[in-house]
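Chain naming follows the written order as A, B and C, and within any one chain the residues start at number 1.
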């Protein structure tokens, strides 16, 4: 897995160098948060109930764009060929890209989550560790499918619409689990979130393994 | 075997219709509308089976690249989405007189909609993914991931039930099938629809193979024309 | 894993139903520069990608260093260097960073020193720190070549290395390829540019209609003869 780390490091270095990816992901996340909240015009009483849904909708939509960008980077100058001519297992490429996507999402969440607390009148400080766990599990699950299908989508026609088209139905269990876990955490803490966390954990394991095994079929001709 | 399929399907279908509309007694609570239940549930079973067939054929295709497996996966998806649509159409027809609403987000309905959406995305990929020869492989990956999603969907929609108390509960299985003829009706309907689906899949697979053969012949012709000129 | 660098027997490739390569027989021996000629669209890139283990053949057999290419692909990849149409370097990283990344993937020892030497050899000393996005086309191609050589491959596969280069750069590249040959590397070079490739070739082959249509087996071939033969094959007078 040293190769996976090398790829992760490379992706993060590129994102840091241009800051185009990071900043657009930040801005988009915040924008979505604002738009999704304002449109529903919540009162201070109803606002907290909106939070889980709004948060995860924002994360997923932002994540879709981040993943697409990530694979566009590989298409430029046909860098993917460079990777594939190296003695690197496609599974390692998958793992590296998955990790990079998780990091990118996490970075975006460090800004969006506190802002959500602000906009929706929530006291998040005591909940932060629990929220962190939910976000981590959700990120890994999202990235596990998004990395696999991101690679797939860049190789077919109509790729901009194909990625959300393919991913969103498959992500339903993740969304249900994540929103439910977030809601439980905001209300009572980790204990009540076991159902959602269970779904998230199962999702993560199943699709991280499946993605790792299937990635070769997507990138190797 | 193949030639027997259409007449056999017809026969079993007639039997199913006869049983459902003539033999089975009218259900006590729901009345005549309940008769749609037999085809509704049978369609759901076929839709689920279709999903597993897509995944199985996809796995075989990834394993050995057999074009038949590829065509089978595509055909199974097309037929599967057809029956899934039937489920989603017959459901509300049944629900409206009984529950008073066209739709509700109870676990089973949610699951069926998500299933339908996954089927639909598979067909979108096939139809609009472009002419790349590797498209069969990509679709196969989607087919396998889709079937892996099913247990997760089943578990996660149960979470929903826990949160929003079920407004309306389904009334089949436990309270429903009191008369033994009802069970027979369900099984015969299921058999009829499975045979129908199998027939459709067979037709689609043969059609797809003919399409490929025509395309190959066209290419051969173009190449020969190029050579002569 | 010892054997002639490359033996292709009856190699074929179809895309969907379309055959691009019908049956290709090709050999590259140690210390040779084999030039693969053919017009655009003949399938040179497809063939090269297959030889670089980027694409699986749909028929035929490929032996690299005496080993079947379907076995031990990772070990074989360490002995092949591939520079395709695109430079395969990340535009937002510097030349040196790109090389460092690939050095990690290929497990190159003493990477820093090797990278520095390669950058000098490629004439990219100063540019090594600048992002690849800022490179001229010639610089990019030199970097791609450096990347292909990073892990000291025994077999080098180059796809249209002369395209877009000015005459000075062409001469420089020809010189470098001859040096590499003298140092023991084997090179397979695909191009449609007969005039530029002929001077450095040990052997020439012409790819036409999915097969090798003509092979000139000899050193120091007369460029005019080759050009004439090439034109004849393509015009199908052969």
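In this text, contacts are C-beta pairs under 8 Å (C-beta built on N, C-alpha and C of every residue); 3 or more make two chains touch, one makes a residue touch a chain.
None of the values given here were measured: they were computed from a predicted structure.
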item	value
Between the pairs A-B and A-C, the one where more C-beta pairs touch	A-B
Most centrally placed chain, judged by C-alpha centres	A
Most distant chain from chain B by Cα centroid	C
Centroid distance [mean C-alpha coordinates] between chain C and chain B, Å	50
Chain A-chain B separation of Cα centroids, rounded to whole Å	31
Computed distance of Cα centres, chain C from chain A, in Å	39
Per-residue overlap in chain A, given as positions that touch at least 2 other chains	221
Shared-contact residues (touching 2 or more other chains) in chain C	none
Interface residues, chain A side, partner chain C - complex	2-3, 6, 10, 13-14, 17-18, 73, 76-79, 81-89, 220-221
Parts of chain C lying in touch with chain B, wherever the complex brings them together	14-18
Of all residues in chain B, those that touch chain C in their complex	131, 133, 212, 215-216, 219
Of chain C, residues touching chain A in the complex	49, 52-56, 73-75, 77-78, 80, 82, 84-93, 97, 101-102, 104-107, 131-132, 147
Of all residues in chain B, those that touch chain A in their complex	62, 114, 117-118, 120-121, 124-125, 128-130, 132, 134-135, 137-138, 140-142, 144-146, 148-149, 152-153, 155-157, 159-160, 162-163
